[in-house]
Amino acid sequence: MEASATKAEPRRNPFSSPMARFIYKRVLTFIPIMLIMSLLIFIIIQLPPGDYLTTYIAGLKAEGQVVEEAEIAMLKEQFGLDQPWYVQYFKWIWNIITDFNFGYSFDFGRPVWPVIAEVLPMTIAVSLITMLFGYLVGIPLGIYSAVRQYSLGDYVLTFIGFLGMAMPNFLFAILLMYGTYIWTGTAFIGLYTEEILLAVNSGAMQWYHVLVHPDFWARMTIPILVMGTDGLCGTLRSMRAQMLDELGCQYVLAARAKGVSEARIIYKYCLRAALNPTVSGLSGMLSKIFNGSTISAIVLNLQIMGPRLYDALKAQDMYLAGTILLVMGFLIVLGTLLSDIVLAWLDPRIRFEGRSAD
Amino acid sequence: MTMQEKKALRAQQRAEKQRKKEESYYLASQWTLMARKLGRHHLARVSLVILAILYLSALFADFIAPSNLTAYNSKAQSLPPTQIHLFHEGEFIGPFVYESAWETKKMSVKEMQAAKKAAQEAGIPFSTKQIVTDTTTPHKLRLFVEGPAYKWLGLIESNIHLFGTESGVGVYLYGTDTMGRDLFSRLLLGSQVSLTIPFAGTAISFVLGILLGSISGYFGGKIDNVIQRVIEVLNSLPSLPLWMALSAAIPPNIPPVQMYLMITVILSLIGWTGLARVVRGKFMSLKNEDFVVAARLAGVSDMKIILKHLVPGFMSYLIVSLTMGIPGMIIGETSMSFLGLGIQAPATSWGVLLKEAQSVTNIAQNPWCLIPLIYVVIAVLAFNFLGDGMRDAADPYK
Amino acid sequence: MKRILSLALALLMLVGMIPMASAETAAYTQSPYLDGKELPAVADRLPIASDVMVEEMKEIGQYGGALTLLQGGSSKWGPGKPTEEALFRFNTDGTIEPNVAKGYDVNEDATVYTIYLREGMKWSDGVPFTSEDCRFFYEDLLIPGVTTKSVWEAMYSSDANGEDKTMATLEIVDDYTFKVVFKYPKPNFLKELAINGKWFFAPKHWLQDKIPGENYLSQEEADKLAAELGYSDVKSMGNSLTYYYWIVPGRPTLRAWTIQGDFEAELCTWVRNPYYWKVDAEGKQLPYIDELHFRRYSDAEQALLWTLDGTADISSVALADVETILNDATAAVELIEWSSVDWASNSIQLNQAIKDEDLRALFQNVKFRQALSIAVNREQIVELVDNGYTEAAQSAPAAGAQGYSEEWTKAYTQYDVAAAQALLEECGLVKGDDGFYYFANGKKVVLNLQYQDETHASLAELLKNDFTILGLETTTRMYDRSIMEEMRSANNHEVVINYESFSTVSLSLRPDYFVPFRDYCIWGTAFGLWYKNPANEAAVEPPADVKAMLETYDKMMAATTVEKRDEIAGELLAMFKDGLYEIGFSSALPAVYAIDANLRNFPDVAVDCDEFRNLGIANFAQLWLAAE
Amino acid sequence: MEMNNQPIIQVKNLCVDIKTDEGTLTPVRGVDFEIRPGETLGLVGESGCGKSLTSKAILAINQKKCVSSGEILFRDDKEDTVDILTLDPRGKQIRDIRGRQISMIFQEPMVAFSPMYTIGNQINECTRLHITKDKKESKRITLEMMKKVGIANAEKRYDQYPHEFSGGMLQRALIAMALVCKPRLLIADEPTTALDVTIQAQILELMKELQKELGMAILFITHDLGTVAKMCDRVAVMYLGKIVETGTAREIYKNPQHPYTRGLMGSVHKIGTLKADRLFSIEGTVPLALNLGPGCGFYDRCLDRIEGVCDKADPALTCLGGEHCVACHKCRKEGV
């Protein structure tokens, strides 16, 4: 008792120093981590032989252009590729720090930021929609599966859950696209019909109008099925496992003995505890929302960040690729911090111990 | 010895046996208990059988497969699965096949387009190709026939294959690909890569994850802090650019399978972070348990405590996540093949086959090329169900 | 009776045409798309009557509709080629005709070309197009390097030794006439201009306050403007506004359609140019089609689905997908087959200047190349790679092209592994115990086959198989295009499959990928460096046969007449026939386009090549959509 | 008050079956007992003898795979008698009984509270479910009960989380939670096992006081005979899912009849403490309640077994006089 009393001392105020110190410490490590990360990212991007110029020249030649040596030298200088990589790196980082200037995309011939920004709304929309689908469907189904463990429903859900994981997205996507062509006569490719795109081009529609267009949602079903099921299955499985653990806990029995209803037991006691791993998953979520998916997006022709990053990497459009990766890294670090904070908010034990839990 | 004595002895032995059996129930180790529980998990049991079949057929792929990876055949392009017949001209003659081929008429695109137009105007259904089956000669199926030579496991040279026809007429259980090769053979031979490399990758991640996670969790303090920051940095490096960079940076003379293995290994070197975090968490909660403290006071070395006392405590959890980690790598392999970063033909993996199937033309014209998908799904499902069963079995509360 | 009737009808038509000819201005009509827009009368938008270009076509069309084309990747040429308008353009038969130019004169020794423009012709913003716009482009944009492009080869002439290479000068005669003056004869100028000059004009009125230069912006002003417009620097801005100008919205052009909005958008709309300067025989202002829609795809399968479901009106089809389209009863498309100028559909080139000395000597040995050629089972490649659409053949000019001979197409195509092995032994290779060949010094011969596109994977596989049977250890590996390019420029490529293969309308017009006079042709990039500058560290001195080839090339470039030039080109071709610089396996594949079944006037016979601007040779302005 | 001599709960022939893959286990095989108001019945036995299942069956909170049969007649506050086993275990009626009329104190206070919510919240939940919806009033009642069970500084403690409590304090809180609705029957399932000795005594003392004050019946489940002596009016000894001996605490202590009970007593005396965690004196282990033979469940371990009798039939509970009953062939013989 004595021990516990002294231990209880610093916890008098729930939001006193340990938590604040924890956040403060984490924020302090933020900067060196970002620097190391940016360096690693830059090195990785520079790892393949060649640079953007070779892509550019290869592209010109593919189009039947003739490129003179003088032109190559000129381009090299113009792109700043004649300098050693570390000079390029320091220039890049320096400009980011001092000027918030992330450099130019060679491929788009524009500053990096607008190139990223133009696909950002749809990326976020698609990611959020597919993710929300995963959580909104996965959590209840996971709970159902746990509460009715070993029932037929549990088996069916388990099977569907694993099936969703087992189906390679790129093949699933093309099967669905081909299916829409066979069934409706029109292949559902991308998120927009020609009418929507023309209306957007003419300014008659804004992207937020698009979001409420029925055709958009009809087309959205494929990404939801392809990308959403991935998240759904993961959520379903981890929710089921956690719920089973929680349902087996004594406090559930205690609550039941108090006369608390089953529904209340589930949502008050189990759900909150079982959300922990889901919340831990939040750490990667921000970055995922920013990037969207890559392979599925390529197959489904979704103009979102993932394919843009992939193309940039392939073309060695290094400032574009670097910036996207940097933002993703930043979001992961930030996401981890946020998820630790949310975890602490969810779970008083973590809150008071003031350290991240796993 | 009298009969009675013998009888008594036998009875005694029986009793002893019975006693031992009972004892074994009570004294069963965690592992046997787990195995026993696993045996009762129906899906896990079925999965185990399926995986055993898959791995065995991968092991004996050269023998089971009637063909090999370079048996290009310009006369058997994209043939549907061969039908196995039993009755020839109304007479039962045992399993046999007929020889089939596409009707050979060389037409230019222009001519075919004209033919289609003519057919459409006449209201006749049109198809560019027609399969011709020679139903006059049956080719009987035989066991242990001679076929392409192979070196089993790189050791034993042979040319005996499990089944085939004596005449050499192809038996294409799953049809053929666009280069006229037997899909069934490619599928089996591909499973040698697809089912083994994920093991290597997961295993490396595993060792590193456990080691660094346990060090981090056991010692805490500065070491923990450093490892945690390293994890944070590694976590924020997405794997796609790494794959792309590595596959571009690896010198050209390295064969594709080896290259793939190398990249898997390199990625595993940074893929341990997730597990390390879990292990660390477990260690943090276990390290102050009485038995650990006691061992430490007794002067047992740290490494020994970690390996002998702590790791076994959540080994079951580790085994489960190992089982669950492999399917992810199988799927990952197919994704890498999709991006052209995986194994390249003629070396084959399931990813290569799926990548080949991933075309509208194949889906519409040669749907049998989707059969590898069924294998991937089944293998992944089996690993997952096995993992699921193991989790249930490892759970001491149920 | 019948005859009288038709005579009367003809007379009637003649009578009817008289007022039309006398009052042409009244006869021009425009698309209903433009009705109600505040524009000058159609006749005022067109050049003067005598200078209007009347497009010949199969069928007079109807106005209306939009054509959807597909656009993959970030290539700006996707919409560039079909909408291109050059001073002179190619016909489907390979001849040249005036396009933006009304006509030309050339003096006896082919040193002065007088080019006439169309009076009253206007930019898409209605500002007159004059010879000053041509001068502006040549002297103020191209020569100072505002476009970042070097001055076209077409603008240079050289003396008989090929040494004194001089740039042409321009003389403005009047608003609609200018002269291009060469120091030495330039017999192929117009064709070369049509190939690599492409266009020769820029809207001075629009560009003059956007480019750096003595009479234009100072460097600071230009920097400021570039930053304002979102370009990384002045060079990029210049490149975009003056070279890839067609994707810059608002930039006046002479094209039938102009871009609206973002080129990178998922659907990029181009709308008709109200000032377009061509009409049909009935006086309808072209184009018939009101809008072009370029839809962006990220994976070839999407393009195929769009072709099947009718989204795309014109799309390129891979041969592997031909049967899928034909066997699809609901696909309302028609397949059109154009021919190609490739020397082969499948081929390899050996880097004869490879860094490894042993391999270099081996690759330079024509017997080795012959051995490789006959060690390949071509029939298999024809069936498995080309789905039977080609024939086993050597890399050679196509039938009808200069240098074609039956004998050449069949040279070294007889599949004979034993003979090939004998050739290998003649090359000094020794067969080891493991069945593989070794150099005399004991080193194993390893062929690294390199390719860039996934579509070549099956060829690589078959070649690896064939070469392994021959007794040569072989590896294959696919690379991204940029990495291939990097390997090429660093001379790290070895045996290259279907990459920058031999393909040209005419060797004399475009020898870049054939003759190593620069580091372009894949079989001897480092020879090209040597040709440019023997002192270059990366340069490799070519063997005698290549030196002879380079000398012949010099002679060809200095030829003063078309005939002479073609004659020397013939000599060069003979060298290629003997030298097997590219080993071909199958004849060229046709190009297949799927077009909307209602699309009219799309040529069904044409050559698909870059020189002819690929799809551009279909003259998009005269395409039209029939009502269903 | 005169009606109070009627038993508050009567358990008749209670059986609990558990379906497993190997067959059906029957850990509780026909248990009978009754408890009167204000009375404490001690249910004693080794681990695995079915005590806990019995107690949970009364609240119908056993796992789904456990099937109870027999009768559990509970006389509720309206003096109506309901058979708990006939109620829907998830229904409203049983939930109204749980917590308000019958409540339970669990073995391990550390895990009986959810770590996610404050102690006050979790106790108060009971108050609000059964007594008043009014927030202030219910908090007042909760705090009053917390004070009553001896939680000092209750207002502050109300907002603290379980991990901030010591074990003894948590057990007090658990008792508060069980008693806040003043139940007619309290089931205490080894309430002191997880605590150290000094605190054990405090808690037991507390329970006794509260029982006096509230007049409730207690079913006290333990394997600790010492505690039984302190707490209980009557004792039922359970072995292998059956009650083998029952009587007043005094009778059982002074005159244990069943060999098993005697073994239990022996172990207490031998060790010389009041704790009997392990029954060292009884050899062997409790067999699995699976595929039991026809004989007495204790046959294998019994020192006084009668060959030919004890392995042939399971003895029934027979009264020796007064409240003292025993289920043993030998005792019956001797008694007769």
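In order of appearance the chains are A, B, C and D, and numbering begins at 1 in each one.
Here is the rule we use: a residue touches a chain if its C-beta (ideal position, glycine included) is under 8 Å from a C-beta of that chain, and two chains touch if they have at least 3 such contacts.
Only a predicted model underlies this, so the values are computations on that prediction, with no experimental measurement involved.
Asks: Name the chain pair with more contacting C-beta pairs, choosing from A-D and A-C.
Replies: Higher C-beta contact count between the two pairs: A-C.
Asks: Taking each chain's centre as the average of its Cα atoms, which chain lies closest to the overall Cα centroid?
Replies: Taking the mean of C-alpha atoms per chain, the most central one is A.
Asks: Just the number, please: Cα centre separation of chain B and chain D in whole Å.
Replies: 53
Asks: How many angstrom lie between the CA centroids of chain A and chain C, rounded to a whole number?
Replies: 42
Asks: Please compute the C-alpha centroid of chain A, do the same for chain B, then give the distance between them in whole Å.
Replies: Here chain A and chain B have centroids separated by 28 Å.
Asks: Residues of chain D that touch two or more other chains: which are they?
Replies: Answer for chain D, listing residues that touch two or more other chains: there are none.
Asks: Would you please write down the residue numbers of chain A that are in contact with two or more other chains?
Replies: Where chain A meets two or more other chains at a single residue, that happens at 48-49, 174, 178, 299, 314.
Asks: Send over the residues of chain B in touch with two or more other chains.
Replies: Within chain B, residues 248, 358-360, 364 contact more than one other chain.
Asks: Which pairs of chains touch each other?
Replies: Listed by label, chains in contact pair as A-B, A-C, A-D, B-C.
Asks: Over in the complex, which chain C residues touch chain A? Could you list them?
Replies: 68, 74-75, 77, 145, 148-150, 153, 196, 230-233, 235-236, 239-240, 260-261, 264-269, 293, 295-299, 301-302, 305-306, 308-309, 311, 330, 480-487, 489-490, 500, 512, 518-520, 532, 610-611
Asks: For a test of understanding, state which residues of chain B touch chain C in their complex under the given definition.
Replies: Residue list for chain B touching chain C: 70, 72, 74-75, 77, 106, 108-110, 112-113, 116-117, 125-129, 178-180, 248, 252-253, 255-256, 340, 344-346, 358-361, 364-365.
Asks: Give the list of chain A residues in touch with chain C in this complex.
Replies: Per the touch definition, chain A meets chain C at residues 48-52, 54-55, 57-59, 61-64, 66, 68-71, 74-75, 78, 104, 106-111, 114, 118, 174, 177-178, 181, 185-187, 189-190, 192, 194, 197-198, 201, 297-299, 301, 303, 307, 311, 314-316.
Asks: Can you name the residues of chain D that touch chain A in the complex?
Replies: Counting only chain D, the residues touching chain A are 56, 59, 61, 90, 95-100, 103-104, 106, 108, 111-117, 122, 125-126, 129-130, 160-161, 163-166, 168-169, 174, 177.
Asks: Show me the residue ranges of chain B that touch chain A in the complex, using the header's touch definition.
Replies: 43, 229, 232-233, 235-238, 240-242, 244-246, 248-249, 277-278, 280-281, 327-328, 331, 334-335, 338-339, 354, 357-360, 363-364, 370, 373, 376-381, 384-385, 388, 391, 397-398
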